Structures are given as structure tokens and as C-alpha cells.
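Read from first to last, the chains carry the letters A, B, C, D and E; within each, the first residue is number 1.
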Amino acid sequence: MADKILKKADLGKLIESVTGKGGRFVAPTTDSRQIVFKKVKSAEEIATDYILARNSFKEFLFPQTEVVAEFTLGKDTVDMRGVEVHAPQTVIFGARPCEAASLKGMHALFTWDFIDEFYTKREDNTVVVTVGCTKADDACFCTTVNLSPASTEGADVYLREAGESYTVEAITDKGKKFVEAHAAVFGSGSVKADPLVMPEKIANIDLAKVSERLKDKTHYDDKVWPKLTRKCIGCGACTFVCPTCRCFDIVDEGTAFEGERRKNWDSCQYDTFTLHASGHNPREHQHQRWRNRFMCKFNFFPEKFSGKGCVGCGRCVRVCPVRLDITEVMEEFSK
Amino acid sequence: MPRIGVFVCQCGNNIAATVDTKKVAEEMGKLPGVVYTCDYKFMCSSPGQEMLRQAIKENKLDGIIVSACSPHMHEKTFRKAAEGAGLNPYQCEITNIREQCSWVHHDKTKAAGTVKSIDLTRMTIQRLKKNQPLKKIKIPVKKKAMVIGGGIAGIQAALDIAEGGREVILVEKEPSIGGNMARLSETFPTMDCSQCILTPKMVEAELNENITLYTYSEVEKVDGYIGNFTVTVRRKSKYVDEERCTGCGECIEKCPFKVDSQFELGLNKRKVIYTPFPQSVPNVPVIDAPNCTKIQKDKCGACAIVCGPKCIDFKMEDKLVTEEVGAIVVATGYQNMPNERFGEYGYGRIKDVISGMQFERLASSSGPTGGEIRRPSDGKIPQSVVFIQCVGSRDEKKGVSYCSKICCMYTAKHTKLYSHKVHGGQSYVFYMDIRSGGKRYEEFVRGAIEHEGAMYLRGRVSRVYEKNGKIMVQGADTLSGNQVEIEADMVVLATAVVSRDGADTLAQRLGIGYDKYKFYNEYHPKLKPVETVTAGIYLAGTCMGPMDIPESVAQGSAAASKVLALFSADEMAREPITSVVNRTTCNACWDCVTACPYTAIEREAIKDRQGNVVRWVAKVNDGVCQGCGVCVAACRSKSIDLKGYTDEQVFAAINAF
Amino acid sequence: MSGHTEHSAPTGGYEPKIMAFVCNWCTYAGADLAGTSRMEYRPNVRIIKLPCTGRIDPLFIIKAFENGADGVLVSGCHPGDCHYTTGNYHARRRWIGFKHLMEFAGIDMRRLHFSWVSASEAIKWVDLINKVTDEIKALGPFMEYKGLKATEAEQG
Amino acid sequence: MEKTLRLKAKELLESGEVKVVIGYGWNRSKTRTTPVFITDPADVDTLVWNPLCVNNLSLYLTRKYKEIKALGRPAIVAKGCDIRNIVVLITEGQFKREDVFIIGMTCNGTVYKQDLWKGELTPNIMPTKCHNCDVRNPHVTDFVVGEKSTFTPPEVPTGMVYDKVKDLDSKSQSERWAFWVKEFSRCVKCYACRQVCPLCYCERCITEKNMPQWIETSAHPRGNLSWNLTRAMHLVGRCTFCGECERSCPVNIPLNLINQKMIGVVKEAFDFKSGYDEKTHPPMIVFSPDDKENFIK
Amino acid sequence: MNNIYLPNLVTIEDIYEEAPDVRSFRLVFKDPKLRDTFEFKTGQFGLYSAFGLGESTFCIASSPTRKGYIQCTFRKSGRVTGGLAQLSIGDTMGFRGPYGNHFPVDEWKGKNIVFVAGGIGLPPVRSVIWNVLDRREDFGHITIVYGAKTVADLVYKEELKHWEARGDVTLVQTVDPGGQTADWKGKVGFVPTVLKEAAPKAENTVAVTCGPPIMIKFVLNALLELGFEEESVYTTLENRMKCGVGKCGRCNVGDIYVCKEGPVYTAAEIKRMYNDF
């Protein structure tokens, strides 16, 4: 049976087809010696030889900074205006299966009781096209968190490299509609997919055990926390590149007479994050903040939102200036 | 919202001619927080001020803007008026729409001036919203002064303060007060004897009940600030009990050892137990410990044996005393540039080349020669004397760039003294310019030249050498254009007036500034000539630079009047524009401490209940801080702010731009 | 941005807005003297008075640009004349660093001026304002800076 | 060298002279080094020394690390370049010289990109700072590990950073502006540059002060510019060009260019290089009446 | 679009100076429809905007039994509260809410209630107090133990007088040692200590407490010592929040999101929580 395929040579056409309908096409591209998810206009811009983009594509669903409201301060009045979310039709192309798996949890959080339409409206208009990995490095650990380059969780369309083509598998309805909408670009044929590269599962890590250990609250005051995380410098770089981190701040900016309210990325690793006005800080020490992040990934986020708290993309490991490797902590908690 | 009133002044037609004051008021009325606006002919007039007070009361205003002339003009006026209506005076801000708008933008359509006035007033309004009510700083004043230096300037300052009814401590490094003036023979231009006019003052200082003399003493440490200084004084051991000593002089008489007298500048000897000069105040001898065989080798002890009241104690040690004073007058004086630096004039090589000050001693009736001019080498009376002026002065290369100011006058005096004392003697003066500005000074110099026969030669001396027992002085007479060579019996060098050794160390202890010659800096060379940048510390006399006796005395009195003015109230009120530290975020990097021009920032330890130091933070001393704000800009973590010019206030103004 | 930040001159056309940070004792007094001498100069400068140039944080200047200034002028006492003895020396050091930094960052230095104007130099003040205003007027609005906030909209 | 280092660490810990040795250890896969804190003499074999030891550990001596401070007197494994930061920290009163035991490592250069490290140290894989290093023999130490290096840095500094600074200097103002706006627009305001900088020791950074809000926290180009300019300004005359900020930047902003530019300015204007003498104050808080400039009219 | 971050505009109808730097606003929605329909439950909180400065979280201090307005009480301590403190009657501010869970007042019918509050912890408790007092007949004995650092720091001074005066409430007031004035008639001592003397018997009694974190810890211990059941002791946590709607990620105590699953917890729940607040 002939499979749906996408010829690599036809990528340009796909971009045209998407942008022609007013959509934006986001793909990994080279910028300042890094592979970065960015809006692209042509196929030439798209990077092919990469493991992962530096950034997670979350910023196209949940931007680093966005205006949620504007206001003008008059003499006796305040003119307060909500801002419509800017949610263009978006195709995220070339995401990796690991990072796509973050979407379930993100969605759960942003729709938990209160629905954050700044997220959902963008999500509605976004098609995530993942490409199975044919490369990995020593920071990749998707297999350790029960994902793999073959996972399709969170993807709308799943591609695999197959020589000069991709095999195409529409996963969700949205994905199917996308393939249909751009049917002219997709072809069919029988091609053999290139082998996926599976990062080795880290032997000493047992995710179930980690989860169990964290449920037992006695770990909380365990000396192992400060010991393992003493070197953490609280820079928060890990949280900014993490596909599942989504903490934010709300701030006002402007002049004395007008301004805007913004929703900005924030990081649980900052000491001011939980600082009370009184000076009291529930997470005063860096190890407490680190513990919170680790628990968020492996305890309460999966428990609460039944999503993946950690997808094993390894970005935090790569970016950490002091090489505090989350898997080393997972290892400790697998004991 | 705050309740702000905006008062726009027309200043007659001064503002109203080119600024539409009504429109300014109207526009300001549209801003949040502005509840009252008006424009008026003369805000500073009595009815204007009354109107302002009324409006504050009636509208319950908590802040006001007066858009009028420069704050340098009427800020005080309006703040006082606001205070009269119960408002904190620092809740009143001025917008300058006259000097900055109406007077410089002459556009008769009023457009430019009005727009700018509106902008400026708006910025001030936003700034005012961030104002904090401030209170004048009250500093208690300890009504006791210290005068450092017992020369004529210091004595004068001490006497004036004492006569004003306040206690003074007069600290003098030498065993006796009197300073340089005590060495002088006669004084220009009146030719009265220096000792005759100085000694009564010295005695007066000793007898005045309000004056405590600390002679043979030096300031070691100064802490605190205006009104509240703590000064540690080292009272060097005299080995003689001052309380019991009667000044009989038996000990000096009996002392078998003699050394060169510093007071006589090596022209004479003194005993090892000595008073610097006969009229010393206090008249208590001191033992020159390094030269005393009893102290060094435990031999002799003759002085102790003859001492009636048994007041000699060879084991006596230095004492450190701490004094709390409210003000300090620094009058540490000058010294002459060491003559050794002038080899080309033969000093050190030729015995009869002496300094001007040595000449004073030769001419002094209490000096080594009893007032006869005799040359040091052989005691002969010199028949010709060459005086060389500007030795070291006005000569950046070899000495100092400035003019020592007194040399022209004292050299003229020397020629006079010489001609009076050595009949038929010929004096020559090499000079660059004659500087004789001062009451009866020019006449004095003229007299020396025209009536006393001094030969003035305009030019530099190039060489001084000995030939056949004579001193040959070669030089140029630039007026005639000839090279001249003079055979002299003695040469007198008018060496430059320089700051005292250790002047810089003392300045650092006091926290006052000094120039590159280590003369102390006055706060303002014209308007604050006896103040220093450190409030409560005043200057008098030649520690600031060369000056003559009347000037030094005037400064002593001036400094004293400043001290007395400070002491006239129990508390001193200061503008509350001072820095304040945020103790929770201060990083103790001490950049502010380093940057502060006033040493107004200290280090403070924060301790826990057990008394352990938890952390260090900076602390601003309100008594010293002058409110420049250098520390604020230096602080990276923004943990220090300047009241009255806070970051919030400045930002608010920028934000309303 | 707001109606407060832009305005047109009576004659029409673009009028730059320039912020000046000046010290209280020298430059502010010099500007006062220009006023009392009834000298005329361009109306584009808005003064913020500070006790001393040593109080000026470089961030004030950045904030001024952020708030729509087309140019910034900083002025204080001549070296040696500081009311606080050394505040302007500190300021000069900071400016040497800051000026090079701004230059390296690509800020057009014709928009950022530093000056010493004493209390007696009214004429210098007037000439300075006129020169700076004319220069900035010729450059036009500081769109490079004003545009900084707009470019992020693309990301949305 | 490793052996000497471990022996010294053991000796220090056993004698109680120090309570913790801050040094480098391997990560799990032995591809990179990572900071380690040795408190037990039995663990000293964890300490390693090789050209991958790039981190500037002096960071851990700053006031932010209260938990590390609580361990007791530290010994620190430090390269000459790291020691320069320690010197600045001492100058700025953050601790006293005697509060820390400095184990100075003679260093022949480091390698930032561990993929380039194949066991042989060649100049082409070293960062610019190592090419111009004048402290390969550590200058302020309590104990030195390693043979004396005979390396003398070139008289005129060389390397990519210098070339780029020169290149930027030669560009037009608008080109420079375009360059930096583009670079800064990537900034995500993670403040990793600040967190990793040993000289950014403020417990409450200016970015976290909101009365007033000095720096807009949003990661839009305007807020990014004001942050990066402020950061650079705060480091003028203090930065030792250790390069940690650029290394840590997750979005590759060439912070070294700014820092090096300002180091050049300070050298030129005030003849000052930071991190050599703990008695000399950094130039931005002192002054000379003879400071020269040509732009204050 | 439904924008969950968009506040409603409210007008300050009245301002009460409660203590140094502490004041209360009586707020009314600008939107007349909302004014009529707005409902909340006692213990819920809101986010209050000072425009241009940001949002700050505090409880609704008024009782849902009093319709048509809400009241909040805050201490001036930062950028937002500093800005709010500058507002005056008639000014506009923003309000988002109500958020969070509430005190199950209906379940307490027929029981005695003891309120224990310290300092600025009284406002959340006040909402419950008035809720209960407005249906006084539903409950048994009511005791209020309230303390502050100094006499000046006691908030709701007028209401304290009122509660003291009405016969159906036992009010015990205390100030920390050293905080008393010459004419102070209340007790001197820390709240947990005073509570031990003044508490009613634990049987059939519900306790509601709020105050500084350290005080809450001691009060909970004291109550349990007095024999209160963990399930009958309620407190409310005031963690830092930015969104109030379970998104921004800073109010969580371990796995508990205070903004949604709190802020009201029983002592039993607190005990099960991570020691992280």
C-alpha cells in the first residue's frame, strides 16, 4: 500500500501553501550558531542536520512576553481594554517527538478550570508536525522517561525521514485536516523510512521509582537535596528552554498615563519568584527551588495534569552552565 | 489619588507675556490627582501666598506645585507658605517657567513657552506624587571647640571662642604655643616687635579659664561629625609634671648637656631639658628624651635632683586623651621650604648663606646674638648682605608654582633692620617682582629702597660661590641688562612658604581636602574661605596657603565666629536632603563609602539577638551627608537613595516626559 | 506613544524633545542666568534638576530614551568647581565609561551630549541648547529607539 | 597535577583548616566537568583537573551562596583567571583574603567546547582569553599546583573577541546598532549571565527592584537593551573577561564583545586592569582630577 | 474573547485607616450588572490592580452576606500596595476574582466557633466573622482572640469595639509585650499563649485562624493541644500569586495550588502538606 509522503524538495511548496493562506510556518533554522525555531519563508532556511532546536517551540503558543490588556489613565477614569490574542494559523514543522509530548500537560494546565485563551486559541490554530529523530547526543534521554523518537504524543502529523522524502502520518484530526488542506503538496509512494536513533535508556533510572519516592513526603527534608543541587546557580536557563516549563509573571509597563499589562515568562528558579512582600520566602534556598522544579516534573505535574512533566529532550542538561544534570538526580531518586 | 494643587504664576507680565498661564493651569487640571489649579498675578506676593495657604486648607491639598520663577528664587518662600498652611514643606515643588520658559522663549504667540511650561509642570506633578514628607535634621551640638595649632591664628581663634563664653581646647605640637610668629624679630609694616605683641596673647590664652592648653600634643584620630566630634589627642610625655612645675628653671640651669636648638634654627644651642624660648607658654620645660642620658642610659638625672617640687618623672609615658567637641578649627600653619634644596645658592656649603627665618633670629633681641647682625661663621658683622627672593617660590621646576606672598615684605623689612643695625652696611635684593599689595605695604618697600639704601636688582641669581673669604653672588640685572657680581659677607634666602610636614596625614584624619601642595582646601575660595567641606571643621591661617599676620589673625577670628554661630543654638537644623540606605539589600561592597566626598558613610554591623554579626551594611551619617547623591549613582543594587531626589521621583519625572 | 510625548511646534513640522539632566549649582544656575539675561533659545529642552552630576545614574539616560527623548543632554559644573567638591569627577568617570558603551552599542552620539556649563556661562548654555536642538532636529525622531518595542509584535 | 591537588585537598580537610573544597569533578559520562563540593576527605578523588575545567568557581564564594558559606571555611580550586575575580571580590569587601584558601592551578588553557577536546590541548580549541592569559601562573594563592608555565601572552592581544571588537568599532554607528538590536532581541531575560557572574553578587539585583522599575522585565528588545547595557555598565572596570556570561547565555549573545570593549576602554582611559591588586579600587567609584576625555564640551 | 487576566473596574467608595500603613477599601463594581450579580463565598480572594504598577493578592474581607460591595484590607509594603495606598475615594482600580475555595460555614451550623487572628491576619477572618454574625442564631458560642504587635497595629478598631459591645461574642484582645499603651485594657502576650487561656472547650467547636506564618504554626499546635480536632481547625494561606487561576506556578505548596485548592485548609490538610509555606 502506498503511504503518504512529503518530498523534501516539496517543502518549499508546503511553506508557500501555508503562508499563502495567511499562516505562518515555523521551523528550525540556523541563527547565531544555533538551531532555533523561527518563522521561515523558504525551505532553504530550514535546518536539516540537527538534534533539537535551542528553544522549545512553546514560545509560539505561549510567547515570552505578550500584552494581555492595555489601559489609559485619565483624570478620574481608567480605560481598560483587553487585548485580543494574536493567533495566526501556525505550522510548527520539524519539532521532535519528545517536545511535542509536552503539549498535553500544557493544555491541561492552561484549561484547568479557568481557560487561558491566550494559550488555547493559539493551540487551536497550530499544527505540530514532528520528525522522528535520526540523531541523538548524550544529553537526550527520552527513552528514560518512556518516550522515544517514535512517539507521536502531542504531534498532529508525524514524519519520518526517508531518504529524499518524509513518510507522513497524520495523527490527529487537526493533522488530517492539515494534510488534506495541503493535499497538493503531499504525494504518495512507497519509501523506506530511515532508521530512528534511540538514545540509550539510562540504566540506573527507574521512573516509577522516582515517582514513588517523591510521593513519600519524607524525601522533603532529605539532605540529598542540598547536596545534589548545591552547585545550582539559580539562573533559570533550564526553565526557559524546557518545553514543559510554563510559569509566568504578570507585570504592568508604561508611562504615567498609559500602559499595558503583560504576561511574561518567569522561572521558579529565581529567589524572588515566591518572595512575599513581608520578606518571608517559602522557597528561600536554591535547593528548595530546585526540588520544586524536580517535583513539578516528576510528581505533581504528572499527577495533577496527567501530562509529561519531563519529556527527556535534554535541553536543560545542555544549557546548564554548571552541568547540573537532571538525570543524575533521577538516578539518585531511583535508588 | 493625592490631592495636588497647581499654582501658576503670571509674575506680572514676566511670565504671562509669553506663556498662557491660564492654559497651563487648565491643562494641569486634567491630570490625575490634580484637584485645584489657578493662575495668579504674583504668587510670591502676600496675597498670593495667602491664596496658596487658603487653597491648601480649603481643598485639603497634600501637595502643591508652584509654577513660577526659579526655585533658587522662591522655593524657600513657597515652602514656608505651605508649611504655614500645615503642609509638609517638602510637599511643595517649584516648576521654573520663568527663567526656563517665558524669559527665554520670546514667541509672542505664547505657543512654545506654553507647551514647555505644561510639560515641565506635568513632570513636576508626577515627581511630587513620589515625594515623601521630610523633616529637617536636628543635630545636637556639643558646645566645646578644639583648635589645632597654637600659632597666632590658632591663639586668636581660641581667644575669640573663649571670650564668646565657650570652652576651647588648644592643641599644639611644640612644647610652647606661639608658632612661627614667636621667632620673628619685628613685623612689617609697623616694625613693632613680634614678641611684644604676641606674648600677651599667649599669656592671655594660658590664663583664660575657657581655654585648656594641650602643648606637646598631636591629634591622632577624629571621629564623628559636626556638633559631635570625638578627637583623640596624644599628649607626648614631657617627663615633667605640668601641674606641679613652677617654671623656676633650676633644672635647665643644671642640665649638663647641650644640643642644637630647633627654635633658633641651629643658630644656637639649648639644654636637653628645655623650654623652646624664654617666654614659652606654658613655662614648663620638657626633656628631649633621645638626647637625655638619664632616659637613654640611666646616667645623670641632675635635673630631678635640683627640682624643688619633684616634678620630673623619667618614666612618664605618652597619654591618649579623648575629647568631645562640637567644632574644630585647624590652624596648623606653615614651614619654610628646607634650604637644603638650594645648593646653587650655596646653602649648606657656605656657612653664611642663611634663610630669612634665621635672619629673623639674628635680628631678634632675644635671639642668639642679642639682636646684633653677626654672621654665623665667625660672628663678624657683615658689611654687605645679599637677599635673594623667590627661593623656591614661583618656580615649578625647583620649588612651588605659587607666590609665597610674604617674602617681598619681610625682605624689605630685613633690609631695614640691617641698615638700622649695621650702619654703613650695604644690602642688595635680587627680586623678580615686588608684590606689596596691602595697607601701607608699598610705602614700606619704597622706604627701604629710597630711604634705607637697599639696592634692588631685578633678576635671578645664577651662582653663589666663595672666593677669598667672600661670598660671590652672580646674577643678572634685567633692568640694565648687565650681569652683576656682588661680593657679600652674608646671603639671605627668602625660602618659600610650604605646608607643614604631615599636613596630609592630619587632613586625612579630619576628612578635609588639600591641594597638591598639601595646603588645606577651603569650601569655597571666595564665599566660604574658612569652612571646609566637612561641616564643623574650619580653617585659619597659613595651613591654607601663604598669608601674613593680619590675615591669619582675621581668619582666626572668622573661624571663631563660625564656631560661635554654630554654638548659638542647642541643635543645628539641616536640610533633610541626605542619603538613606536600604538595609535589606545592601551588599556591603562599600563602593558608596569609597565614593562619598564627605566620609559620611560608615559601616554598620547588623547583629542577631545573641550579638553575633549577621551582616554588614552601609550607614549614612545624617550629620555629615551633604546630599550630593554620588553614592546613589555608585550603588549597583540601588540600595541607597537620596531623600528629596529619590530614584522614584526622578523616574516619575522622566516617565511624564 | 502618547499625546504627551510628541508635539508640533507652532511653526509646524517636527520638533524634537530633548531631556537635560543638570546639576543644581552650576548648570541650572547658568540656565537661570540665561533667563534673567533674557537670552533666547530653542524651546525643546526639558530640564530635570539634580543636586549634582554625580547623582546621575546612566540609567536615567536610557530611561529618557525609552520615554521618547530624541536627545539627552547632561551638564554640570566644570571640573574643580563642584559644589560637592568631587561629584563631577565621579560623573566624568562614569560618562567616559558610559559614552563608550553607548557608542559601541550603536547609539547615535549626536543624540547624547555631555557638557560643563558654569553658573556664569549663560551664553554657553544658550549656544549649547541651540546647537544640540538643531542637530537633533536635523536627525529627526529617534525612531531606532522608539521602534524597539514594536518589533516584538512580530513574534506574537 | 590531579594527584597533588587531591593530596592537598585531603590534607586541608583532614587538618580542619578548611571545611569544604570547591573544585571540579566529572559528570556522569565524563564528557564535561561540573563543580563539586568536597567536605569529606574520603571523597577527594572526585576532584579532577583538565582543560575542561572552565567554570569560574569563585562564584560560589559570593554572598548569594549562604548554604555553601554555612559549610565553613572553603578552599577553592582556581585558575589564574578565576583568582582575578576573587581579588575583585576581596577589594569590594565581600570577604577577606584569609577567609578563603586558594589552591591556584597552573593552567595551560581551557576548552569550552567539550566536543573539540580530544585529549590534546592546542591553541585553536582554546577561547580568546586563554590566548592572552597573563595569569597562567596563578598570582594570588595559598598553594600552587602544577609546573610553572613559561607562556607569555602576546603584546597586542589577539583572538576572535578582539578581532570582532575591532571589526565592530570600524563599522558605522547604524551598523553597530543593527548588530546589537539583533543580538539583544534574542535575549530571553533568563539572567543566566548575571547568575553565573561572580561579580554580580547583589542579593537583590537592580532588575528585581521595582520601586522604581529600573529595567522592564519583559523580554522585548527595549527591556533587553536596557538590561544588557546596565549589566555592562555595572561591570565596567570590574569585569575580568572570564567569559562565563557568554558561555552561559542560552541564546549565544556575544557578551564578551561588550565586556572586552569596556575592558579596553578602562585600560585606555584609566590604565586599569581588574583583578590583580586587591588594594586598588575599581575605577568607576574613584576618580582622578586629571581624567582625560574629549567629548564633554 | 474571554480574557481571564482582564480585571473588572471597581470604584473606591470608602477608605478606612485601620492602622499605620494599613487601610481598607470599600469597592463597588463600575459595571452595574456585575454589581448586582457578583457573588463570592467567605474565604475567597481576589487580585487587585493599581494600574501601571501591577496586581496584588488579598482576601475579600467583607462577608458575602453584605451585598453590593466588597471590602479589602491591605498593608502598604511594595510597589502595588504602595500605589493602592495613594488612591482616594472615587478612584478606579481593578479587581479579578473571586478565586479559590472558601470556609464551609454552612457545615458549622450549631457549632461553637473560635476565631484566632494576628495582626493583618484579621481581614480574612473578618469575612467569616460577619458571615457568622449575620446568621448568629445558626451558631453556638463565638469567641474572637485577636492580637497585634502594638495597640496601634490592631486593625478594624471600630469593629472590635462593636464586637466587644455586643453580648453574643466573647472578644479577647492582646498585644505583644511592649506594645501596650497606658490605657490598654486588653491582654499583653502573644496570641498562641493568650489563646491557651481564653479558648473555649474544644468539643463541638470549630477554630478559624489567620496571621503571620509563624503565628499560624504556633496557633495550630496550641489548638491541637487544647484538644481541637484537626478537621475542625481552619486556616487560610496567603502565598504569593500572580494569576490567581492556577497557571502562573508560584503559589503551590508542593502539589497543592493554593490559588485553586486553597487558600482555606483544615489543620489536617496542612499537616499533609509539604512544609513549604
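By definition in this document, a residue touches a chain if its C-beta (ideal position, glycine included) is under 8 Å from a C-beta of that chain, and two chains touch if they have at least 3 such contacts.
Fair warning: this is a prediction, and the values are worked out from it, not measured in the lab.
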Quiz prompt | Intersection of contact partners for subunit A and subunit C | solution = B, D
Quiz item: Farthest chain from subunit C, comparing Cα centres?
Solution: E
Quiz prompt | Chain pair, A-D or A-E, that carries the greater number of C-beta contacts | solution = A-E
Self-check item: Farthest chain relative to subunit B (centres taken as mean CA coordinates)
Solution: A
Quiz item: Approximately how many whole Å separate the CA-defined centres of subunit B and subunit D?
Solution: 46
Quiz prompt | Mean-CA-position distance for subunit B and subunit A (Å) | solution = 70
Self-check item: Whole-Å separation of chain centres (CA-atom averages), subunit B against subunit C
Solution: 37
Quiz item: Which residues of subunit E are in contact with two or more other chains?
Solution: 78, 91
Quiz item: Which subunit B residues reach two or more other chains?
Solution: 584, 595, 634, 647, 651-652, 655-656
Self-check item: Junction residues of subunit A - those touching two or more other chains
Solution: 64-65, 73, 76, 249, 251, 255-257
Exercise. Over in the complex, which subunit E residues touch subunit D? Could you list them?
Key: 78-79, 82
Self-check item: For the subunit C and subunit B complex, residues of the former touching the latter
Solution: 4-5, 7, 9-10, 17, 19, 28-29, 31-32, 34-36, 38-41, 43, 46-52, 54-58, 60, 63-64, 67-69, 83-87, 90-91, 94, 126
Quiz prompt | In the complex, subunit B residues that touch subunit E | solution = 1-3, 129
Quiz item: What part of subunit A is in contact with subunit B in the complex they form?
Solution: 73-76, 255-257, 279
Quiz prompt | Residue ranges of subunit C touching subunit D (in the complex, touch as defined) | solution = 58-59, 62-63, 66, 79-80, 86, 89-90, 92-109, 113-116, 128, 144-145, 148-149, 151-152
